[in-house]
């Protein structure tokens, strides 16, 4: 059967027969980098279009429908436009940091791709501290945003960046605690172990109350962490025009834009891995025929399906809710989400110690 | 007591958010609610209100005759000098001189479509047309002469 | 009464260092037009707001001095373009008062219905824009869907969607469209169904409530002192509905409630407007089946000349009390005309109520003041 | 309060005030230096005219006339118009900003449109026009060679 697992295996075997192990590793790295960049470009195009279509349907509109059938080439055309645009740098900006910031944001997003299991045995780097790696690297993206806000020498940008800093630092906690819930239950930080632990049922559907609470907390926290509405205070176009990327134009703006969507993809992918079983197909108890049928669907389709479901959920939030105020945002974290997370962690620890889970 | 308030706060907030999501979810799944008008594509079926004030026109009948006497009531009624009437004197077959319009100049770029000229016209020579597609590349094209070349006033209109 | 020294301190005190002066506008997504606010910030907290006006100043008062009494009405549609019918009504009423023109009953009733439809349309747009200021985009489209039905009715009857110029001294420019009544009834039906959506999406939403409750509190004393009118003052508990105080057109024969809230915050202003829409529907329902037959315009002379003297006419627009003050010397044009626009006074209170709050609150406060910039600048 | 009672009450406080009842509302004409004391009297008990709903100026070519439309927020049908005639070459009047805060913006507008100087106004700057604008646009003798006003 042609699956991603077989492809990688045969490629590696073929490379090892032709080259020395070091050389083969180098070539593999290059291939992975190229694949990552391709994935970025494709995801960016798809997610922006998806967002616009979802927004349009919610807002009783049609959405983009001029470029290509159903408007599918709209984002490609937009990208072309952004590439052609002049990339302005403000006169009084800190030029080095100003130009560096979009790449920092982008690189952080790229680093996060490493431990994600896209399909069965299809993973760039199955590191044994996968979850820890993700939560530590993802908090680096705030550096890029702060850099952009400060270097622009624009008051709106600075305000947006400062808001973003406060926001990401706080919501990192809740996201971490939510992830920890699953780690406590599985006893491993390795992504492949976490996926494997959901062999006989996804964590969310096993019916553990702490997991359900953790899932809700996770969705809220990562929405905030990726600066999406209702927590898009860093951009908050009705308050700060465009927040930290007010002064950016052309391709540098596109990188920010892309990084936002990639970040959404990544956090949703992690959410899918932790709570919805990653690439595991849906199995229902003793329905052998049903389970067998589900196994026929490739594992990458399962993974993408779950991820896009979560992405849709986050988009749905964005087009429904008003934005919070900056102090309410922090109140929500410190007065509601954090106590609930701590309580939830306590609960799940008790559950784990007593062995009340399956 | 505090805990109870806290939990009911969280619950109420959560349900209010879900209510909103149900509404937007309803619209997401019901494509018949879409209200977009695909304007340049639906030009053939576009239905405009018959009273829509798009521009001032001067109707001519099949004999290329209009009913404008050149009384300049519209010119006086216009608040921003949109209309300028240039009159001439025709010689009737009886040899009498008769006032007639030479050019009814209408500047669409200045017009606010207030309908005062039409209300002022005693002989219903001008009216509003629902045409709204006025964009041109050259602004001078918006200055129009409403009476067609060679047209004359209808018999019996004074 | 205010202490002189307090006021001077109010306007000049900038406080210690560390403040940030931000120019919001004239191009800013939340200033809806070309309002320019110079906001002094201390971090996220607002220390001072100074409005700079005039980006859309067209000197309408001076223009009107050279326009006849028939012509100057069209200019007023361009002031508060969201309640252009009501502005036109104010001017027509004033000319009628100055010349003692008898207005037919039919015209009065139609004017009242159109004014209320305009009010609903204005509030619909406001709800959408307000929600958008607070970051919710979707209600804007739902609100515009209902507003579109009103603009369609206007288009059918008046021939224009925004700047109608349908009301002339003495009555109406032409008779209502034959479909007018059925269309209005269809609108009322749809409106009653869809108004609950705002309840779900905006009013009941916990984020919206926490963004607006207790934000931009305006006390009744300040509302009076700053000359606030309309929903802004009514949300502070000041009764100021001109439709009740000095009824014009057919308002004296319809039943409706003046909506008064006492909280004075942004949420109260929001609630007043939402409830006002329902009252407008109530007024329309009472009148729509009882449009009297008869002339749509009274007998007027060709050339209108106001009697010598001074005339003042107040009407209730969607934003508050519009006053038109005319000094007539008996000529065909006004000698001096003054528009007391509601937005101008409502804007002046912004600095007072937004001071000390966060930038996000400024959007909520400014949104609920419902500023229309051409109305302020004139 | 009837017009007669109002007149009596005002005469007790401002004896030089003259009255004009031809219009819709009672007009009171006072001197510029009497405006502030009269305004204080009207604002207090028993009149309580706490709502200044219109403040403007009219250029009568011979003089400038400030017009204040006052009403009581509790009794909106009691409307009073105060008029103050000002010297056209040097119009100076005391601000009523401390009594009615709404006067702040209205007086700034009158200042830039008519050139009336309001003493004790804390922030008397141009509000609508640009800062280097010359002339008082709403005065009758204002001529603008660039922007056509009359047709």
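First chain written, first letter: the chains are A, B, C and D, and each begins at residue 1.
Keep this in mind: a contact is a pair of C-beta atoms (placed from the backbone, for glycine too) under 8 Å apart; a residue touches a chain by one contact, two chains touch by 3 or more.
Owing to the predicted nature of the structure, the values given are computational and were not obtained by experimental measurement.
Across the assembly, the mean Cα position most removed from that of subunit C is the one of A. Taking B-C and A-C together, the pair of chains sharing more C-beta contacts is A-C.
In whole angstrom, the spacing between the mean C-alpha positions of subunit C and subunit D is 24. Chain geometry summary: the mean Cα position of subunit A and that of subunit C are 45 Å apart.
The geometric centre of subunit A is 63 Å away from that of subunit D, both derived from CA atoms. Residue positions 58-61, 319-321 of subunit A are each in touch with at least two other chains. Shared interface positions of subunit B, defined as residues touching 2 or more other chains, are 17, 20, 23-24, 35. Among the residues of subunit C, those touching two or more other chains are numbered 138, 145, 201, 205, 207.
Contacts from subunit C toward subunit D in the complex involve residues 1-4, 7-8, 10-12, 53-54, 57, 59, 61-63, 66, 222, 224-227, 229, 238-240, 245-246, 309-312, 314, 321, 323, 325, 327, 335-336, 338, 340, 344-345, 347-348, 352, 377. Across the complex, subunit B is touched by residues 54, 57-62, 65, 316-317, 319-321, 336, 340 of subunit A. Against subunit A, the residues of subunit B that register as touching in their complex are 10, 17, 20-21, 23-25, 27-28, 31, 33-36, 38. Against subunit B, the residues of subunit C that register as touching in their complex are 67, 70-72, 74-75, 138, 145, 148, 152, 155-160, 163, 165, 168, 173-174, 177, 197, 200-201, 204-207. Within the complex formed with subunit C, the residues of subunit D that make contact are 22-25, 27, 43, 50-54, 56, 58-59, 67, 69, 73, 76-77, 97-102, 104-106, 109, 120, 122-123, 127-130, 137-138, 142, 149-151.
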